[in-house]
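The two complexes that follow have chain A in common; it is paired with chain B in the first and with chain C in the second.
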Partner chain A sequence: MLRKNFVEYAILLLFKDRNDHLFSFLIFSFIVFILSSVLFISDSLQYDLIQSIKAQPSIVVENTRAGRAYPMHEGYVYDIAQMAGVSSVEGVVDGYHYFAQKRLWFHVIGDAHLAKDEMLIGQGVQKAMAELYYEDEFHFLTEERLINVKIDKIAPKGTNIISNDAIYLNPNTARAVLGMEMDEYAKLYVTVPNPNEVGQVALKIVEIYPSAKATTQADAIGAVRHVYYYKGGIFMILYVIALVSFFILLKNQVGLVYGEKKKEIAILRSLGFCIKDIIALKLIQNSVVSVSAYLLGVALAYVYVFVFNAPYLRNIFLGSELENSISLTSVVDFNLLFLIFLFGVIPFLAFVILPAWKIAISDMSEAVKS
Partner chain B sequence: MSKIVIQNLNKLYNPNKPNAFYALKNINLSIEDGQIVILKGVSGSGKSTLLSLIGGLSKPSSGEILVNNQNIAKLPDIMSSAFRHQKIGFIFQSFNLLEGLSVYQNILAPLALTKLGKEAMHEKVNQAMQLANIEHKKDQNVGSLSGGERQRCAIARAVVMEPEIILADEPTANLDKENSFIFIEILKKFKLLHKTVIIATHDTLFDDLACIDRCVQMRDGELLE
Partner chain C sequence: MKFLAMLATAFSLLYLVVVVHALSFSSEKKVEEIDALALHVKDTKIALSFPTNAYQRFVYAP
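Here is the complex of A and B:
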């Protein structure tokens, strides 16, 4: 068991060498800050998207032809509604409109609650339109005509993760904007009350319409996770850890093997410190440095992401051409934080302790003479 | 009774290499409890190597070193370190202080391995500082001390654990005459405290000192007693 006097002396020596440890502390805090920020943003966006998927019906059906989205008619709605286990099928108008003046794509969604000449728009859309002075009304330019629609409402900021680039229109107006026929749908929302039957119903839909794609909630959640695991950067994490750990390794190796640090170990050995004591001393000192740097990095990342909304980094993850001013929901995945701790603190300690051990086992007589 | 008995001691550096050489050759020496012994000889004669072997800082190639009838040459690290901690006080030519710490904090270093309370540690450090006459500098950083003061700080640290044996390697080599005499005064205190002291030196100041019990001459790793 570690003795109180020993721990206090280890801390005393740590403060004596605070300038040497400051470099490692700052670099390590920075790595943890970057990694934690990436994970916080990724987790927060994943969480919001998954919550929005959970609010959707059990299965979303889309049709394709030659690999491209292709509209579905009322016959699809009727056939799917007849399937065992399906309680309702809702046709949805959904597509993208190109806003040529700003070179942006807006997500157009049909909403039966809206009148033919009014629309609800997301905050990103509102900003883009306002830049070209479309403040009360917007003109959709189609191949055939201009469609004038009143800007009725702006979606609240809290829904930005979904609505930032969205325009909600009456379904028929949306069809006109997207160039669809009056009885056509881009998506079908299928409700299956029994969760155990969802997979089976999705398979049946694809059997009847081989060109259709039936995405269950589980598939959609899996897709979001896949995207964010990639973007969240398992590769980025490993790359950054490997790179910066390498610098810490070099710094500590050089600092410990050469010069005063070697002599200090030799002096302590001459005073009766055994090899185990030297390793314990270095372990205590570097645990204090690495754990405090880790906690600082995580705390700074939390403030950066959830208080300041992650300026600069946020847009990388949202991947939209429209400026998105969403508020990131505070979600902390302790498993991933522990993973950062494991991948960060343990190599940090190992890179210090191994050289210290190597010095401690060597013949001290020359070192104390110099 | 012999405090230290050295039998057939050899130290070979760089074994199995072209530059292998014997730093110590077949050393046999016996030192009584409470004796002050001078190891004399030119640089490279093996004095420092012999001190580091007696202090357990390095291991001999062959032979025995018995301290209080215990062979320290074969002890594992944890035991030889404990032996060094409790029985040996080192005083080095270059003082070997922990730079950046105060005098008090330097002297405290060996006590970090003990379970003593704050008061007891404070008392031991104070006693050691009084013996070495350095208590007036206790809060001063060792970097700002003169050579003589640094030496006295090193002495206080060496005696803070109240060791039975004190090993001094060229203790006056970096001191002026005045500070060398101060060291001799401290040496006399060691004599009164019945410490066994071995000093490796080529300083003539130690010749004919009344407190010196024995002078051992070394050359090329051999004793010329």
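Here is the complex of A and C:
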């Protein structure tokens, strides 16, 4: 059992060597802060996207020709509707409109709930349009003509993750803007009431139309996870590199400092401190440093991501071309935080305690004489 | 011991602020808004101005 005086002495020594410990504390806090921030952003975006995918139909069919998106006609709708297990097929208009003045692509999506002359736009689109004084009305410049549509609805801020770059238009207006014919569709929404048949129906669709892509809801969720695991994975690799470099640095620094402190350890040993006490002394000091650095790093990351909405770092995930003022949903994965603790704090303690133990077991009489 | 107690108090206060923020964040409203939009437009994609690299290459930005 650790005595109160012993702990106090360890803290006193910690203050005595505060400059050495401050260096480790600051670097370790920073590493934990960066990694936790990236994981918080990634988890939050994943959560919102998966939330929106849950309303997705069983299968989304898209067509390609020569590797490019290509519209589908009524024949596709008829053929898929005839398949066993399919209850309905809905053709939708979807595509991208190039806004040349700002060098941006707006995502144009057909929404049958809107009237022909009205549109619902995301907040990023609104800002981009307003910069060029399109405040009440927007002119879509197409190959054939200019199409004027009133800007009368703005998507709420909470939906920015999916609506920031989007323009929702009546399907007929969207067709005119995208240059599609009346019987053409960019996507088909296929409803399969029995979830066990979804995979089979998706395979059948691809068999009939080999150039088509049939994405099930599970595939869409998998794709979102894959993108964020990939981006999070890159950071994980960078984190491992940073952490290993830090530990090498720490080991060198500790080795150097403990070399100077050899006499101090020798005096403690001659006063009656056993090896266990020396290790306990170093364990207390470095536990205070590493656990405080970890707690500070995680708390700062939370504040940076969920209070200030992660300026700069979120651009890695969302891009910086179109200003996206999303509010990140606070999602905290405790398993990952525990993993960071396990792979951060434990090696930290090991790298510090091992040199101390090495010195403590060496011959003390020489150290005292020097 | 006094230092450890002070450190523990400081971190408790910091984490109390974090927990209060996490509990006060109305994620329900946000989920409702996303659900309402996703019901109209079912195949949602993350809002990026350049959906693929091919689109980005199309724009010859200086």
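Convention: the second predicted complex is superposed on the first by the 330 of 370 C-alpha atoms of A that agree within 3 Å, B and C clash if a C-alpha of one lies under 4 Å from a C-alpha of the other, contacts with A are read in each partner's own complex, and residues count from 1 in each chain.
The rule we apply is simple: a residue touches a chain if its C-beta (ideal position, glycine included) is under 8 Å from a C-beta of that chain, and two chains touch if they have at least 3 such contacts.
Note that the structure is predicted; figures quoted are calculated from it, not measured.
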Q | First (chain B), second (chain C), both or neither touched by A:Y168 | A | second
Q.
Just to be sure I read the superposition right, which of the two partners does A:S365 touch: chain B = first, chain C = second, or both, or neither?
A. first
(Q) By residue count, which of the two partners contacts chain A more extensively, chain B or chain C? (A) C
Q: In the overlay, answer first, second, both or neither for which of chain B and chain C A:E8 touches.
A: both
Q. Looking at the overlay, does A:D79 come into contact with chain B only (first), chain C only (second), both, or neither?
A. neither
Q) If you stack the two complexes on chain A, which partner ends up touching A:D277: first (chain B), second (chain C), both, or neither? A) first
Q. Looking at the overlay, what does A:H107 touch: chain B (first), chain C (second), both, or neither?
A. second
Q) Between chain B (first) and chain C (second), which, if any, makes contact with A:E264: first, second, both or neither? A) first
Q: Using the touch definition from the top, say if A:K16 reaches chain B (first), chain C (second), both or neither.
A: first
**Q.** chain B and chain C footprints on chain A, overlapping residues
**A.** 8
Q: Could you pull out which chain A residues touch chain C in their complex?
A: 4, 7-8, 11, 15, 45, 48-49, 51-57, 60, 92, 94, 96, 98, 103-105, 107, 109, 111, 113, 122, 124, 155-156, 158-166, 168, 187, 189, 220, 224, 288, 292, 295-296, 299, 302-303, 306-307, 318-319, 321-322, 324, 327, 329-330, 332
Q) Which residues of chain B touch chain A in their complex? A) 48-49, 52, 55, 57-58, 77-78, 81-82, 84-86, 88, 90, 92-94, 96-101, 105, 108-116, 121, 157, 161, 169
(Q) Applying the document's contact rule, which stretches of chain A touch chain B when the two form their complex? (A) 3, 5-6, 8-10, 12-13, 16-17, 260, 263-264, 266-277, 361, 363-365, 368-370
Q.
If we count contacts the way the header does, which residues on chain C are in touch with chain A in the complex?
A. 1, 3-4, 7, 11, 14-15, 18, 21-22, 25, 27, 29-35, 37-51, 55, 58-59, 61
